[in-house]
Structures are given as C-alpha cells and as structure tokens.
Amino acid sequence: MSLQLRNIRLPLADFALETDAIFDQPITGIFGPSGAGKTSLLDLISGLRRPVAGAVQVDDKVIFDAADRLNVPPRLRRIGYVPQDLALFPHLKVRANLLYGYRPALIENELFTLGHVAEVMEITPLLERNVTTLSGGEQQRVAFARAILSAPRLLLLDEPMSSLDSRLKKRLIPFLLRIRDEFRIPLIYVTHDAGELVALCDEVLMLERGRLIGRGSPADVVA
Amino acid sequence: MTAEAWQIVFFTIEVSALSTLLILPLGVAVAWLIARREWAGKAVVETVVMLPLFVPPVATGLLLLMLFSRRGPLGSVLQRGFGWDIVFTWRAVVLACAVMSFPLLVRTAQAAFEGVSSRFEDIARTLGASEWRVFATISLPLATRGIVAGAVLAFARAMGEFGATAIVAGMIPRKTMTISLSIYQNIQLGHDAAALPLLFVSIGIVFITVLCGQIISTRKRPR
Amino acid sequence: MYAAASLTDALKEIAAAYEKQSGDKLRFNFGASSMLARQIEESAPADLFFSADEAKMDALEKKDLLLPGTRRSLLSNVLVLVVPTDASAAPKSAADLAKPEFKKIALAEPQTVPAGIYAREYLQKLGLWDAVKEKVVPTENVRAALAAVESGNVEVGIVYKTDSLISKKVKVAVEVPAAEGPKISYPIAVLKSSGQPDRAKKFAEYLAGPTPRSVFKRFGFTFAK
C-alpha cells in the first residue's frame, strides 16, 4: 500500500501544514513537538479535514484533489483512525463499539471477524462490558480492535499510548505488531515518544510547524 | 375545583403535550443543523427561530391570526386541502403553544448537540457511517438527555401560554379555554376567587415539570 | 370618557366638533362596558361613563360612584345578524343559526358584555340559546365580534346595527325588530371621582343636544324613550 500526499496545503491556526510525502512502509512514524500539526495531518489523510490545495492518493486511487474538486468522504476511504482520546462510544457496550464499522460484505478473509480480532487483541472477556468501566490498556485494545474490524487498508494512530505508563506501553506494543503481521494493515503512527518509534516504526518522518523536515530510520531520527 | 375546572386542566395538558410532540422532530433537526453545520444566512435562521421569545406574544398571535385565518395564505390552504379550521379552534391553541415554545426546545437541544464531542461523530464517519447513521446512532443518543430537558421546558412553556393563544384561539369555553385564559376570564368577570384553584394547579404542574427537567439534565452521565 | 365600544366612531366625530367649539379636550377609553365598569370600580381615572347597558351603570350607582343627578339614558340600538359580504350562506331568521352550515357564531362575551348579554337574552327568549351556545365564539367586545365576521373566521355574528353600518366587509342578514328584541339602553353619567365635574356635565348635556343627536342618528342609533 502506498499513500501519496502531493503539494498538500492546510491552513491551521498559526501556520499552514504543507507537505509532499509518500508512505509505503508497514509502519511509518510521524514524530514532532506538540502543535506541529501531526493530528491535522492524520485528519486530512482520513478525510475529516479538507486541504485547500493538493492531492491525496492511495495506491492508484485519487481520494482527494483540490484542483479537480474531488473529495472522497471519510466513510468511503476505508482508512481507520484511532484518535488520541480513543473516542470509544460511551453509550454502547464493547461489542457494539467493535461492530460499529463492521461490514461482512467487505471482508475478504476470516481474519476480520469479531471472534478472531477479539482473540488477537485479548479482549474477548470484555465484550459485554460498558466501555467506561475498562482500564486504560483495555480501552486501548478495544479502540484498536474497533478500527481493525472495519477492515481498513490503512490505520492511523494518534499518540495512542500517550496516556499510559511505560509498563503498559511495553505490553501494548506487541498488539500493534500483531496488527501489522496478522492483519497486514499498514500503520501511520504519530508519537513524540522515542521508545515507541524505535520499537515499532520502519521509517519516521519528522514534522515541525507544518512541514516535513526530515525522514529516516528511527535510529537516525532519534539520535 | 369544579368539573369544569378539571376539564380546563386536562385540556391544557393535552394541547401542551401535543404541541410539544409536534415540534420535536423539526426542533431537533433545526437544533442539529445549527449546532453542526454552517451555511450562508445561518444567522438569519437562528434569529427567526428565536423571535417568538422576544416578540410580544400578542404580536406573534396577530401574525398567526393573519396567516391562518380562513382567508389567510396558510389557513385557506388547510381549509381547502383538509377542511381544517384553525382560528377559534383547539388547533389554534396547539399552534400558538407550538410556535411560542419552539425556541426553547431548539436552544436546549442545540446545546445538547454541541455538548457531544464532534470527535465521536468523526470517528463514526471513519468507521463507514453515513451522515444519517452518525446522527441516529451517535449524535442523537448522546444528546438525548438534553433534548428531553428541552421538551420538558417546551411543555412547561406551552402550559403557561396566554398572549398568542388569546388572539388566535379566543376564549371559547370547553373548546379553547386553557388554564391561563380561564384565569384571565375569571378576573375579567370579577370572579377572582374562582381563579385561585386553577392558579395553584397550574403552578403545581409547572413546578413539577420544570423540576423533572432540571433533574434530567443535570444528573451525572457516565463519560 | 369611558365609553362602550359600539360608540367609537360616532363619539369621535362628535368630539372633534365639540373640541373646536368649546376649547375643551376630550380623551376616550373605548371598550366593553363590563371591562370599563370594572376599571372604574378599581379607581381608574374617568370623568364620564357612557355604558351600553343599564346593568353596568346600576352596579356603579350601587357602589356610590356616580355623581347624583347626572345619570340619564340617552340612546338605544338594534341587534342584527351579520355575515361576511362574500358569504355564500346567510340566515333568514334567528332560528337558522341552529343550522349546520353556521359552524361558528361570534358574539361579545355573553355573560358580561352588554352586546353579548342582549344577544343571549334574545336567543334565550326564542328558545334557541341551548341549540346554538356550543357554536358561540365569545369575543372581548362587540367590535371584536364584528372583526371576527369580517375576517371570515366565523360564519355569522350578532352585533349592533350601528356596528354593521360602519363596516364594508359585512352585510346584514337579519335585523331584530326593536319590538321583538331586548330592550337596549345606553345611559351616561358623570363620575364622583371626576376632577372636573362641571366640564364633564357640560359635555354630557351637549350629547343630548341637536347636533350630536343628528350624528348619532346618522350612525344608526335610536333614542331612549
């Protein structure tokens, strides 16, 4: 899977996000200080925000082109999103949350069934619980599972572990690797934690004040 | 309380409940639009919706009288189409109550929708939900508490409606006589004492109604 | 002067001439005599009261609110049944009011306002009141009943002949002959609380004179015996 951002321009509060980049690794990290525009970058990839210029292409399908006034809405992009606050629907139980984006017709293999995904994320015992009663780590895994069950071709994660302690982070990293290996969904992973970058990412892009100022392996970037 | 007085009380409750039910669909829709959408002329729409709160009720009554009289633009259509008389019938009471309490419903429901984090709606979109599904399964359930509080307020307002009703429905015993109109008429006739039981009943009903509304809207919801 | 609503147009014309001639300024409060009487009882500032029935004046006299010696009955009137000028159906007699094509009948409030009381007494005398009372739309005063007929929101109304004459939007369907109808009488009196009783008396006497009489006559009023 390759994601191309061409001459994107998205005005933000203090500056404009301007990027031109290709994402074609299994796990690409986006690294930068807070306020750099990382969340806005994920928003525009998922279709939740519209750039004023540029184009976005996934494999050979153009999903956004400002010049042609082409904009595929989020619900048709099949790009999953786990936001920073997880946004688990508080009025639905875990099972209903998980199945929200599930459409059997889209599924090409049995990997993406509720039973299998729940097993891989180790949340099977939690299915009938209220999401608000879950622990931080449990909520995290439910959020991952919910996104996976919509069978996305790309998954965006916005600092998913920022609110967890390092012990919990270590425990969750394998689950993210399972997403890559078991479900083969490419990830774009935003974080400001160097440890997560090194543990997970094949390539890292650095974002500062709306611009990509560098790209390389995690080791290069962190140094 | 005489039998006649009880008839007046039940009639007032019935028309208030009916008018509240009638404005719910449109009121919730308008509230959602104002909370979640922008469009040219939105400020004008918001102002028109709020007008009955500020325009003198009798002026609103006069406007309704002109529109819905048998010769009026809307009244003549209803006459010819359905054989409905509006002015001087119970329908005029429902109409006056509906118009006067509409802004209260919209304001409260609007606040309820604004209180639902738009992140929930965004994530639902990334999970493939259409705009209608987002509204029905996310926005509406999460705003329900506020909407119910708005309906309660609208009901209470309808119970106390006087000025517009007096103009467009008249004070016809057993047909359009509400609690407020009856109290007014008793004062006109010099029967102040006869108005007292109705006064206490109406205060009692509205007190209980608004109290329920308060309890509903301020109870802690699981986050 | 607090005066019955049905006197509005006639009194305004008379007042314009009187003000020029006498130099006194007149201010009016027109409304249902019942409402005006109530306001006077609650000490509203009035010099003169010109009522559409004797009962309201009696009530004030009982409460000793009238200046003795100033009360006199001046005018009379006649009831008519009116319909909108473009109406397709019109009653040929009061009995027709019971017919289904007349769904709503506008009257001034039949318990308190003189025009409504007169109308109700007439219908009661004919034995029709029970049949039609469900159709009655009570209005605050006789002019409001007239307006209801003009708007077409009711099929028929019972008002004074004098009201029907000033409106182009209604036509008279039935006139209640004075002999058959209720005895209508408009008394006038100066109020004890008046701050200018002499001027008030002067105007009251003027109203009985020839010039105002011809104005009243032109508007359709008749005169008290």
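As written, the chains take the letters A, B and C, and residue 1 is the first residue of each chain.
Convention: a contact is a pair of C-beta atoms (placed from the backbone, for glycine too) under 8 Å apart; a residue touches a chain by one contact, two chains touch by 3 or more.
None of the values given here were measured: they were computed from a predicted structure.
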| item | value |
| --- | --- |
| Middle chain, criterion being Cα centroid separation | B |
| From chain B, the most remote chain by mean C-alpha position | A |
| Most extensive contact between chains (C-beta pair count) | A-B |
| Whole-Å separation of chain centres (CA-atom averages), chain B against chain C | 38 |
| Chain centre separation in whole Å, for chain B relative to chain A (CA means) | 45 |
| Separation of chain A from chain C, taking each centre as the mean of its C-alpha atoms, in whole Å | 82 |
| Residue list for chain C, restricted to those that touch at least two other chains | none |
| Contact footprint of chain B on chain A as seen in their complex | 46-48, 73-81, 83, 85, 87, 89-91, 100-101, 103, 130, 132, 146-147, 150 |
| Complex contacts: residues of chain B adjacent to chain C | 65, 69-71, 85, 87-88, 170-174, 188-190 |
| Chain B residues touching chain A - in the complex, by the definition given at the top | 117, 119-120, 122-130, 137-138, 141-142, 221-223 |
| Residue ranges of chain C touching chain B (in the complex, touch as defined) | 34-35, 38, 103-104, 109, 111-112, 134, 136-139, 148, 151-154 |
